[in-house]
Amino acid sequence: MRILIINPNTTASMTEKAAAAARAVAASGTEIIAATSSMGPVSIEGHYDGALAIPGLLHELKERQAGYDAAVIACFDDTGLEAARSFADVPILGLCESAVVTAGFLAQRFTVVTTLERSRVLIDNLVRRYGMGDRAKVRASDIPVLELENAASDAIGKLRAEIERALADGAEAIVLGCAGMTDLARQLQAIYGVPVVDGVAAAVKQAEALVSLGLSTSKRGSYASPLPKPFVGALSAFSPALKIG
Amino acid sequence: MRILIINPNTTASMTEKAAAAARAVAASGTEIIAATSSMGPVSIEGHYDGALAIPGLLHELKERQAGYDAAVIACFDDTGLEAARSFADVPILGLCESAVVTAGFLAQRFTVVTTLERSRVLIDNLVRRYGMGDRAKVRASDIPVLELENAASDAIGKLRAEIERALADGAEAIVLGCAGMTDLARQLQAIYGVPVVDGVAAAVKQAEALVSLGLSTSKRGSYASPLPKPFVGALSAFSPALKIG
Amino acid sequence: MRILIINPNTTASMTEKAAAAARAVAASGTEIIAATSSMGPVSIEGHYDGALAIPGLLHELKERQAGYDAAVIACFDDTGLEAARSFADVPILGLCESAVVTAGFLAQRFTVVTTLERSRVLIDNLVRRYGMGDRAKVRASDIPVLELENAASDAIGKLRAEIERALADGAEAIVLGCAGMTDLARQLQAIYGVPVVDGVAAAVKQAEALVSLGLSTSKRGSYASPLPKPFVGALSAFSPALKIG
Amino acid sequence: MRILIINPNTTASMTEKAAAAARAVAASGTEIIAATSSMGPVSIEGHYDGALAIPGLLHELKERQAGYDAAVIACFDDTGLEAARSFADVPILGLCESAVVTAGFLAQRFTVVTTLERSRVLIDNLVRRYGMGDRAKVRASDIPVLELENAASDAIGKLRAEIERALADGAEAIVLGCAGMTDLARQLQAIYGVPVVDGVAAAVKQAEALVSLGLSTSKRGSYASPLPKPFVGALSAFSPALKIG
Amino acid sequence: MRILIINPNTTASMTEKAAAAARAVAASGTEIIAATSSMGPVSIEGHYDGALAIPGLLHELKERQAGYDAAVIACFDDTGLEAARSFADVPILGLCESAVVTAGFLAQRFTVVTTLERSRVLIDNLVRRYGMGDRAKVRASDIPVLELENAASDAIGKLRAEIERALADGAEAIVLGCAGMTDLARQLQAIYGVPVVDGVAAAVKQAEALVSLGLSTSKRGSYASPLPKPFVGALSAFSPALKIG
Amino acid sequence: MRILIINPNTTASMTEKAAAAARAVAASGTEIIAATSSMGPVSIEGHYDGALAIPGLLHELKERQAGYDAAVIACFDDTGLEAARSFADVPILGLCESAVVTAGFLAQRFTVVTTLERSRVLIDNLVRRYGMGDRAKVRASDIPVLELENAASDAIGKLRAEIERALADGAEAIVLGCAGMTDLARQLQAIYGVPVVDGVAAAVKQAEALVSLGLSTSKRGSYASPLPKPFVGALSAFSPALKIG
């Protein structure tokens, strides 16, 4: 099967890192296709960046139609997840949902460690929406997203300090709350002796699971396909109108 | 004060209807400025339409910067509300949040009557996020949004039937769950003898309240202003980069 | 329109402070009428005081019937709010409900800072009932209510210390959790650079909003008008019996 | 031990019925003392009646101080429960809390059947506050409270019809949601073969339990004793001031 | 009446301690019968021990059938509570449920202090299931269960330190979260001046209450009696098959 | 990898059906090993059966130690899931948790259709514990578990009728709430055009995912390995004591 990994920000190095993480865990018959958004912010830090990353995400989904069996949105904010599920006929996975669900099989209480304070409450709200509000806490480590791409920064030191605070507070497992941390999971798991869940890897496995089970997004109710209608102006190409013709 | 009413879909007749509803309730010193999105879907029915309405919405906010004291997003899905709050330095109001909060002052239990089934769960999730999950139900009346603009349709008949089911089920007040129903609130309130809340009117009053109280969106945490960074491709104009210069 | 501000405790200086705060934010066409309860405790600190403040509150509502378009109960415990809504035919606002709803438009996470520990859980329970349990925390600053009337006390110092603890804990906005703090909001907002919401001001604006929208408490279900029946003894004057005659 | 049963409405026949129900289940060493409120409404139907029943209730508690080891408030709305707990140094029990807690030991899902629609949401809110919102539903049977005192009415027929609807909807046990139904529990339990819980009986046993365990209301935090302070006007006798002297 | 106290672990000294605590609070007409499980772990610390304590518990219930009017499971994890309720025709009480319900009559906020970290989340989940998640916290004091039987250990010192942390954090009452702490409640209540609830004592009083009210577990729905069917292998004696014959 | 499918009831035909369902979805490198419990009930219908199925389940886990990389408990009640996770060093999956999590990726609202009424609330409680209480409903179809093994019964007719009621009530996807329905998922999905999730298949894919990600149950906190201690009587073989030696 082919799984499309879409980086909804426009930084190709992050796409490559996510794709590498995806390939590292993909099953033998799985092909990972990576796509970087061609429009929007270079990183997603907060609601404004996130909303403006969605058109680029949907554009990639649309362009490559029929070329993939499932797609993973490679941002821990689950940017555009609901819109993508409405659009596509194949399963769409988000990192946060996949990761917290995965952690839920391993621990009763766990902590998501993310980057900036502005993302903390956003992710906390996602965690609650996914039903994990009683079981998961979210902590910010004060790391700008792109600093994770910079080997010279102290990003890992800050991240480790925050993980240690989470463990002292009773966390039984850790979820890495940014796509840019995807390469650190195994190493941190070895250091701390608790499960450390990376969202990219978790989402790839969920995508494989759904495809091999013959399951896809329900087109009844919440995620019904977009109704054919005109879209105007700079976004007119997004009209689902051709679906009817 | 000046309140900007932005219709995030591109149908000007709906903008006019919302602006009229806004002017009908605005205080004497309030000027209502209406804007129609120039890019995106002609109506917002579901997550795909909603996500693609946000750039047009943010564009209007950006273009008219400094020209308004508060803004109302004239769609009951609260499309782009969090992104708009992050972007703007003035209060931003959504119809759903304003309407359910208003209904909460009037009744212990109430029902939101919206248009299509695909919007029902979306609004139900908003209602829960706003803390009204124990108090409010959401019902769909199977009316396409633009049918509300068509006097010849049976939209009002369907809406009334759904309101009657809500009252039989214990609703103490009704919230009209679509910006396109804004002209019907007074009439329905007279018929049924219970409060009928329209989101446009409710949001205008909340906007006036916040402005006159000297309150605006917190720029600490969740809604911190976008960080200056490049945006690429078709959306490069949305970069908040100039904010630093 | 005329808005009645009822202080449910019997301390006239607190009524004056609340009335001044109300007038400071009232719209040009709004007349603020202030009333002090004539029976009950001199301040409301905990459940016993609160319950015994309700007859005085209802007495004021009853005496001035037809003389106001909405009423605000000027105590942050929302003392007697449900009874007042059942009694009156006009909108009734409480400070806590108005303030947390207002803060909810401005921030995802916020903190109410109140006076005594005995009021903390009481307010925390209100906050949960209003659907803000996931978003708002409540902190006590160990200030007796009437100490706020005493310029020589260190009430403001204690309050500021508690606000600083709230901000360090992630609060994005502050709600002042006592009617007696109503004069401090603007000053504290200027100091801390986050929204500081005062309940009296918030409630006045909600009252104006409801009146101008033609909305009033639903008389169907929870807040149905009192049934005509005898009341006996010292409280016989509260009988709603005359309503039938 | 002596348990004071206070009827917070002023109808002596209801007090007698509650006292009889209490005596029927009291342990051999328990003396039941009954008191009828001397001021306020003749029945409690909704928030207005309820609030104005509290002074009479507190008056009885105060008058008989040191004459009882625990008290039961004989109204299913748990009228004045928190104020009474703050005032008294002995355990105070409410019917709703006692009954739903008792039902919780017997069934996973149960239904409270009460009188009027205006009480239904009020009790539903209590049930949620007591943590049973996921397990208990509340239904109204459209019976005015005093009709339960009238043998010629069809009150029992209406009550049975509502119980049958509850059972058809999956209820595993029934709670009778009005003090005036206290004499019907055994009979209905025999008819329907499921536990039928009466609040008066349940509260008496909880009172006995707490007294014999040497437990009383915590005076730390929420239910701290009223602070000594003046009360003015018609309610000046309620001042707790003498407590300091 | 006869109340059976079953210790689901196999340590007879803990049974004796629980029986003594039960007898100390039992009403004059109540006979306490104590039983120690004859199969399974010597103490219950975590899910594995707990699950393997259930057959021994059910065996005691079954063997003594008709010899008791209610039973108490003397472990704070409420081990096997649902299975026992399904099996038995008499009321079955657990310590955690009984204790938190009892504390709920006395305080708005309280803390359960238990033994090991591995039991903390288990009990926290129980507390949430019993509807007290908003009101009760759970703390572990790092005491192995059997250390409570060892007078030379510092178990009480650790327990007191944890209670003091709970009080500093706003607890209004304390629940002792292990059957082995049953002898300490009165002493700790005297020291700290807040209610200290012991689960064994609380459960005995709830058992007495239910029996004297003529109430027993609903056999409709969740706790319906086991269906007659074969059980095979080492557990064949547990087959409820004879119930039909 | 090797995945152990343990049927916690003792009916070998159900094991075979589950194993077949598991093999039908297993990845090419996955070997499915099936085990039938050798002690306990022939089917699991309610809490009593469930509790007595756990020793047999744990026995299989223990006997085959080191012979599998993950295990699936093939009962929709998630019988013994927490005990198994505490015991084992490999990932353990339950059907209910796996299925509702899987459905959560596909639909906002869905319904679990199970067998008997006595299992309905049990599963509803699981669904809530897994955080899906706002999104999932549970319906019983009144089918005894073993009737699903009888081709001549009308089990499928009853199941289809219940699915149709769920869809009429707004379900966007269906979860089959019994291991014995595992062979029906694809057929029902084809009929109804919505995702139909089978727990056995879902759990196998989650097991594969966790193993390939190098993740296993956290041994910190809730699921810490059993402490070495004696077990007595008929269950002495379950002592984890040898783990220390």
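We call the chains A, B, C, D, E and F, going by the order they appear; numbering starts again at 1 in every chain.
Following the convention adopted for this analysis, a contact is a pair of C-beta atoms (placed from the backbone, for glycine too) under 8 Å apart; a residue touches a chain by one contact, two chains touch by 3 or more.
By chain, with names taken from UniProt: A, B, C, D, E, F = Hydantoin racemase.
Note that this is a predicted model, so its numbers are computed, not measured.
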{"item": "Contact-richer chain pair (by C-beta pairs counted) among D-F and C-D", "value": "C-D"}
{"item": "Intercentroid distance (Cα basis), subunit E (Hydantoin racemase) paired with subunit B (Hydantoin racemase), Å", "value": "52"}
{"item": "Chain centre separation in whole Å, for subunit C (Hydantoin racemase) relative to subunit A (Hydantoin racemase) (CA means)", "value": "44"}
{"item": "Whole-Å gap separating subunit E (Hydantoin racemase) and subunit F (Hydantoin racemase), where each centre is the average of the chain's CA atoms", "value": "28"}
{"item": "Junction residues of subunit C (Hydantoin racemase), two or more chains touched", "value": "108-109, 117, 120-121, 125, 133-134, 170, 172, 221-223"}
{"item": "Contact graph of the chains (line, ring, star, complete, other)", "value": "other"}
{"item": "Set of all touching chain pairs, with the criterion as stated earlier", "value": "A-B, A-C, A-E, A-F, B-C, B-D, B-F, C-D, C-E, D-E, D-F, E-F"}
{"item": "Parts of subunit D (Hydantoin racemase) lying in touch with subunit E (Hydantoin racemase), wherever the complex brings them together", "value": "25, 27-29, 91, 93, 97, 101-102, 104-110, 130-135, 167, 170, 172-173, 186, 189, 193-195, 197, 201-202, 205-206, 208-210, 212-223"}
{"item": "Interface residues, subunit C (Hydantoin racemase) side, partner subunit E (Hydantoin racemase) - complex", "value": "117, 120-121, 125, 128, 133"}
{"item": "Residues of subunit C (Hydantoin racemase) touching subunit D (Hydantoin racemase) in the complex", "value": "10, 37-43, 45-52, 54-56, 58, 80, 82-83, 85-87, 117-118, 120-122, 125, 129, 144, 221-224, 226-227, 229-236, 238-240"}
{"item": "Touch list for subunit B (Hydantoin racemase) against partner subunit D (Hydantoin racemase), complex", "value": "108-109, 134, 170, 172"}
